[in-house]
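Order of writing sets the chain letters: A, B, C and D. Residues in each chain are counted from 1.
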Amino acid sequence: MTDAAKLRALMASSPFHDFLGLELLDLDPAGPSVTLGAKWRPGFERELGSKQWHGGVLAAVIDIAGAYAAFAKTGRGLPTVDLRIDYMRPAIDTDLRAEAKALRTGRTLGTVDVALRDKNGAIVAAGRGTYFTQTVSA
Amino acid sequence: MTDAAKLRALMASSPFHDFLGLELLDLDPAGPSVTLGAKWRPGFERELGSKQWHGGVLAAVIDIAGAYAAFAKTGRGLPTVDLRIDYMRPAIDTDLRAEAKALRTGRTLGTVDVALRDKNGAIVAAGRGTYFTQTVSA
Amino acid sequence: MTDAAKLRALMASSPFHDFLGLELLDLDPAGPSVTLGAKWRPGFERELGSKQWHGGVLAAVIDIAGAYAAFAKTGRGLPTVDLRIDYMRPAIDTDLRAEAKALRTGRTLGTVDVALRDKNGAIVAAGRGTYFTQTVSA
Amino acid sequence: MTDAAKLRALMASSPFHDFLGLELLDLDPAGPSVTLGAKWRPGFERELGSKQWHGGVLAAVIDIAGAYAAFAKTGRGLPTVDLRIDYMRPAIDTDLRAEAKALRTGRTLGTVDVALRDKNGAIVAAGRGTYFTQTVSA
């Protein structure tokens, strides 16, 4: 089974991922990097009728994309140590694309950058996370 | 209408909040601070059968609690500028309590600390966010 | 040699700490927590004649206090993984006090909160850092 | 006076910048972006004889480079709201280069990315900061 197939299986096994309905668009172990697609759903709405993505949903998509870039390197699903998100502009009535690329992956930890873009390619939110890359407990 | 009633109405108007099923336990304009309750649901699960909260859901609950502490001061729902989360321990088979307290609220920005605790009071994740407290666009 | 004596020796061995002129006011292995004093010096000035601490100096003091709270637990000087700082108000014509307390120390990583206070006790900047608590390389 | 000349004058007016000995290598208002050079000095040392840059000095260089990218847009020196730094690898016996580029500059706030690189071009630390771009107090 390829890494992409393993990751799709991992994604399918999570009830919360199922709610988010994410799609794996690209996985590159050499980056390591991952690109996810996230389609707009009314359940993600900040205020009823606004068609604006709730910031908490954006945070979740960023966390997942970052973890998968670490996965692209290690082939295992590993926990987030910490996560930081800068919100740039509202995401309204748009599908999203999360581009996650590791700045560095070490023996214990990896640091990943995530750019969340709207349908026009503009950055909606920028994330940076630290992820475990080993399996010992923290 | 009291601020707590206004905030409950605001919470009820968001489809994503509805998914999260948050409950307002306390609002103190003097803090300003807010405490939310979040009940465990299978839809929040990281891996099927694990009963572990997905980190993305934790991020969303922290973002919302922080925004509401800013609301407790201003009486308005205002956007997140940036958000940082440190994951401390897995939250498994537990309801959660999010305690948000502003470190500072200025004319333009506020900084809020959020402690997310499990049913035993242990910190599951610690958040810190910067929120707008004025209504001009960023 | 007590941990406080070991830490004072560690502080004395660093040329940059010497520039900062920090003083160890308290070390509590049970926290673990550490309090440092930082006396105002003209060399820390943001703009000539402003008597305002440069934000970069505040960042350095916060980083060091956080690392020492991890030291208070482990008895060793260990590297910073990442650091976040929220600037609350200008620190002008004042000595400072850095109070660092670990939120959690695990086998691999620790998370530390640092409150930097002016002579009136007001928070000038709030820091949070992740530090290694084991000796393996990252 | 060009923006680069104004920025050099601003840099020269700060006693702490004088300690750091930073050099402006590039300023591009269109980015907006700024590149600074930082030459190794024994006073920056973490431990005596290690030739390793202290993480607190790296934090200061990143803060300054980020603020100057905001300056490259506005022509004014404006305060840091918050700052985050991920330490990637030790910087030992090397000069440094700080490349700061705004991800976004709005009417009130700007978000800036800073890559701190050693003499081989490897990333030593990655920073991201939020800076005021207006002159009202926070």
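Throughout what follows, a contact is a pair of C-beta atoms (placed from the backbone, for glycine too) under 8 Å apart; a residue touches a chain by one contact, two chains touch by 3 or more.
Treat the numbers as computed from the prediction; the structure is a model and nothing was measured.
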Interface composition of copies chain A and chain D: same or different, split at half: same
Angle (degrees, nearest 5) of the CA superposition of chain A onto chain B: 180
Gap in Å, rounded to a whole number, between the CA centres of chain B and chain A: 21
Rounded Å distance, chain B centre to chain C centre (Cα mean): 28
Distance from chain C to chain A - Cα centre to Cα centre, in angstrom: 33
Residues of chain D touching at least two other chains: 81-82, 84, 86, 111, 130
Touch list for chain D against partner chain A, complex: 84, 86, 88-89, 103-104, 111, 113, 123, 126, 128, 130
Of chain A, residues touching chain B in the complex: 13-17, 19-20, 42-48, 54-57, 59-61, 63-64, 79-87, 90
For the chain B and chain D complex, residues of the former touching the latter: 81-82, 84, 106-109, 111, 130, 136-138
